[in-house]
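The same chain A turns up in both complexes below, where it pairs with chain B and then with chain C.
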Partner chain A sequence: MAKESWFTEFPEMERADLISIRKALDESYREFSRSYGEIIESIFDPLLYFLVWFEKLLLASPWWLILFVIVGLVYGASRSWKLSLGVIISFMLIGYFGMWENTMRTLSIITVCTLLSIGIGIPIGILMARSDKTQAVVTPVLDIMQTMPAFVYLIPVVMLLGIGKVPGVIAVVIYAIPPVIRLTNLGIRLVNKEVLEAAVAFGATRQQRLWGVQLPLAMPTIMAGINQTIMMALAMVVIASMIGVKGLGQPVLKSITNQYFTMGLFNGLAIVTLAIVFDRVSQAYARRSQRHMEGQSNA
Partner chain B sequence: MLSSPKDPIVKVRGLSKIFGKSPKASLTLLHDGVPKEEILAKTGDTVGLNQIDLDIHQGDIFVIMGLSGSGKSTLIRHFNRLIDPTEGQILVDGIDVMQLDTQALEQFRRHKMSMVFQHFGLMPHRTVIENVAYGLMVQGVSKLERTKKAGEWLEAVGLVGYEDRYPSQLSGGQQQRVGLARALCTDSEILLMDEAFSALDPLIRSEMQDQLIALQEKLQKTIIFITHDLDEALRIGDYIAILKDGKLSQVGRPVDILLNPADDYVEAFVRDVNRARVLTADVLMQPPACRLTDENLEDALRQMRGEEKEYGYVFNENDFRGIVSRQAIEAEISKDGECCELTQLMEAVPSVEPGASLEQILPTSLEQPYPIPVVSDKGNFQGVVSRKDVISALTERTNDNGSTAA
Partner chain C sequence: MRFTKYYLAAAVSFFLVSPAAADCGKVTIADMNWSSASLIANIDRFILDHGYGCEAELVPGDTMPTGTSMVEKGEPDIAPELWSNALKEAIDKGVEEKRLRIAGKSLTDGGEEGFWVPQYMVDKDPSLATIAGIKANAKMFKHPEDDTKSGFYTCPAGWNCQISAGNLFKALNLGDDGFELVDPGSGAGLAGSIAKAFTREEAWFGYYWAPTSVLGKYKMVKVDFGSGADKNEYMSCTSNAECENPKVTMYPPSLVETVTTESFASRAPEAFAYLGKRGFKNAHMNELLAWMEENQADGNIAMEHFLKNNEATWLPWVSAEVAGKVKKALADL
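Entry: the complex of A and B
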């Protein structure tokens, strides 16, 4: 038989058609980025200025001052001397092994990414909790954001904005924002129905319900989401370094290509240290602020 | 408002609620008298409430009672529009609640009605005093003022010293006291209580019932109280409405419900009630059979013989003095000589108050051979309760014995 039957072979599209589709899409996106790239880039300029300023601030300040501020924040959030001491030792070791500058760069970009994710994610989560329709639209988008390989959405971002800090931040935020959105939505939906009904019955407005009842009661869940978001942002550091984000990711990338095992290990451990510090501090803070919810704990 | 005191403060007309996708079709079926189950089968909709008419008067404790699924919680949520009806009208103090827009509704909820919830509905992240002051906080009352007022109400429910605790640190009974104080703190005229005491254990529950009755004597609010417990309904209710499958079975005073149940459903409910605790002397009493005012012994004896009574009740003007037996008079007359006066022959006897329950009357009634006089605390004679009345009230179902009818 000269012709293949659709019965034995999957009926494929003509190769020429496929190529023309690809060409059309690529062309039009390239066209779009050529004509609008600069405008879009300028929209992100304030973000870039802030990123640069924050990184410079961390790099220019003396190490002991930064350590003092970090330990101050850690103790303020956790009220634990043990944790604070652990943080001091970890940062001393990082500095001693020559990774202080890269750690500061990573710290600055992670901080900005986390703040952005919270700032964008919580309002989206609130909107989702308010309407089932919004939830039905947003949920699949979040699924895509979490499962789509990061390299795939790096392509259009890089095409549009080039390499550098801003596309790095965008890539990290896309990857890290879903948990905070999901858990804000979940937390608000899980608020005790009767408590909310009580607020309505006493004539609370929508704003009063949101700020006075829903958000405070959803806080433990939202904090868990923020914690997850921070962890995922840190996990993206190496991938972000591929598009020019400086920090602990770059030495790791270098050691992959050159097979420098020890260099990769040290920098990897520094990332782990940052992650543990962020995790412990945010969890300790969440626990402390929710103590009255745990029943008779301090009765 | 221009409502005269006789106008009901809450007036519900033709209230129906359909849960489901095609309320209009279901409503038409409902008006045609199609039963709830058939509507569910035909349209997939659940009938929550079925054409309810209700009048609730100022100062009453109005109990809405029904089993789970009867629609009682749905009904109470219509009064402050936590649920919107499918059809019907709700007038509160002359205001058509259905016509209120969002802002007006918020104002209405802040000032007209407050609510107590089954599982308390307290805010776990606020202290006790902040919870009590919540209604005022929502209204925008200053912190100083609302804390002061909340403190007063906390005192009224007996929770002084707990101001800075969190709800999770209190027992169930204490938490519901906080819920009650929170509802009272806004000074609204109407109190909605949704199974407020159902989650509490029996001892605490009766304590709370007593506290509510005591508070109500002072405050004279209009209280709409939901319960599935008939004993509770009979204990605190001035009026009781019985709800079944979203429809009212009967509305009336506790005694009416107990003695004249409107249908089999209500009767089945009433069957297990401890009547001895609910029925009171004033319900059972009758005018005294033989009222003696004459001082002459022979006249008295003649009257008693004529009415075939063994005992006579002696009155001086309108004051009840005591009981005299026929035997005693006959014996006195058969003794020749100076006749003494009726008052000398009579015995002073134990009496009961009109509000005394059957339980309290029972021992006296069994000890004494004659019907027991019912005398108010001001000394007014009101009637007598015979042993036969007591026993038939305890055993008879409905008014097939005329003597139990009030």
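Entry: the complex of A and C
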């Protein structure tokens, strides 16, 4: 056989060097988590207390009260009897098939994740839209967040914060936040330049332009981003349960390992139901709040 | 002219077929997603490839899916480290119906399961090595989500050990002392929770098993229930989801076997005989796993390390002729 050379074999790093790099990085991470773990954990404590409190609230409240509140929110947002009836029926089915508690757990964590994603994502999107430099920095970060396999960053997070809800929320938010950031940015950038010029001509300040012109005009795009964020958050439920988050993800994992197809399907469908409810409600709300714009474009 | 062509073609095909030992042919080996199984799978691949002229290929696997697929579909051919208690019924049925054949024990001492606490805790308070000591100090083991409760890290959702750990939790009345089951969700989650506890020398109490690189790296002590291991009770009740009145028993050593499909065993009896002899002692396996961890080696590299440095272990598994072939292939690596 011909002797190996850089021409036939890729010039690889020496294995020993590679190992020492890996070891050094692992060791320094361990050192970091040893010295800062407790402080970082205590920073996240309020979030943990809130998550636990919210879950307990949903679990302890009687089911009809929760259903009433949900349907109230659905009707308030959509003003549609059909949609409200659909929600009642699907939640009844979830409860009837014995998935009420897990659905409540998932509902609580997903609500928090979605609110966090929107609360953090929209301001970042606005900053991105205002400066090309910020956009150049944030875009690759978003690419990493969306493609990096979850367990690569989950296990270091677990070593830092332990298993449970907080690492779960972090994982879900990391995965679900990019669409809302991207689409907020895009929506604001797509606002007609002439409209903005007109606003400037009327003497609108930067703040007034943002709140009065850019955000309302970008709203349909932002809502599409929020919708995608909700969907991706729910898709992460199973991954989150792999680091000890209770909810619908756990029975799904259980059924995957034991090949209980029906159980997997039922719990999967419950996740889908939650997603559809979240989506239809937010879309209906958006459509209603945009109605004045539809009128303009038709005129 | 036509005849020459015919003979030529026949001769060519003959040469193509004969050295690949038609009796063994393509073999798929389940490469389970934990280190010891992956190491054994790589060793098997190398020895079958070079020693027995098989065309061995590794396919990813896990206990439940691999076991079920072997029974139902006859694929993969070899499961080198199957914790067979986990799917005892399916395997028994497969053997009975002549779909599977058990080659031998891949871990000769059997796998070790139990409830563990870190060594550094026992060093401070030796009573923590017993279940009474754990119960008396329940407050030390904080629940990750609720400060008022104590946490017991159980086996991940869907794994067979979740049932046995849950039953023992009930039998030991850990709930009465404020313990609650914490489901880590996955093997990685469970190992992560141990790693977190060890980097900060925190309290940890939960289920784990050996030989594993985790127990090689993080020194832990198996908690003594003071009951001894009652194999009958374990098989009939503790490991069953329907067990109504679980009793306290230590885990009996689990059977860890090499299982092959009947078709492989009958078409390659020599390779099957090798699999029957190939087995590791737990102490040796822990050493190998610690080496893997130390060098961040995967199964393939560890295989090379093992075959080069532990000839005394593997030479008795194979005939002198096969050993020669394997050694030659090793020298070419």
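Just so it is clear, the second predicted complex is superposed on the first by the 291 of 299 C-alpha atoms of A that agree within 3 Å, B and C clash if a C-alpha of one lies under 4 Å from a C-alpha of the other, contacts with A are read in each partner's own complex, and residues count from 1 in each chain.
Throughout what follows, a residue touches a chain if its C-beta (ideal position, glycine included) is under 8 Å from a C-beta of that chain, and two chains touch if they have at least 3 such contacts.
Because the structure is predicted, anything quoted here is derived from the model rather than measured.
Student: Quick one: chain B and chain C on chain A, clash or fit?
Tutor: Here chain B and chain C can both sit on chain A without a clash.
Student: Quick one: is A:137 in contact with chain B, with chain C, with both, or with neither? Answer first, second, both or neither.
Tutor: neither
Student: Tell me which partner A:115 touches in the superposition: chain B (first), chain C (second), both or neither.
Tutor: It touches nothing on chain B or chain C.
Student: Identify the partner contact of A:52: answer first if only chain B is touched, second if only chain C is, both if each is, neither if none is.
Tutor: second
Student: In this superposed model, does chain C or chain B come into contact with more residues of chain A?
Tutor: The partner with more contacted residues on chain A is C.
Student: Quick check for you: in the superposed arrangement, does A:23 touch first (chain B), second (chain C), both or neither?
Tutor: The answer is second: A:23 touches chain C but not chain B.
Student: Is A:265 touching the first partner chain B, the second partner chain C, both, or neither of them?
Tutor: Touch status of A:265: no partner.
Student: With chain A at the apex, figure out the C-alpha centre angle toward chain B and chain C and round it to a multiple of 10 degrees.
Tutor: About 150 degrees, rounded to the nearest 10.
Student: Shortest C-alpha to C-alpha distance from chain B to chain C once the two structures are superposed, in angstrom?
Tutor: Nearest C-alpha pair, chain B versus chain C: 46 Å apart.
Student: Mind listing the chain B positions that touch chain A in their complex?
Tutor: It comes out as residues 80, 82, 106-111, 113-115, 117-125, 134-135, 137-139, 165-166, 168-169, 182, 186, 192.
Student: Would you pull the chain A residues touching chain C in the complex into a rising list?
Tutor: Checking each residue of chain A against chain C gives 19, 22-23, 30, 33-34, 37-38, 48, 52, 151, 154-155, 158-165, 241-246, 249-251, 253-259.
Student: Which stretch or stretches of chain A touch chain B in the complex?
Tutor: Chain A reaches chain B through residues 192, 194-195, 197-205, 208, 212-213, 216-217, 292-296, 298-299.
Student: Going by the contact rule set out above, which residues of chain C touch chain A in the complex?
Tutor: Residues in contact with chain A: 62, 64-65, 68, 144-146, 156-159, 182-186, 188-189, 192-193, 195-196, 199-200, 295-296.
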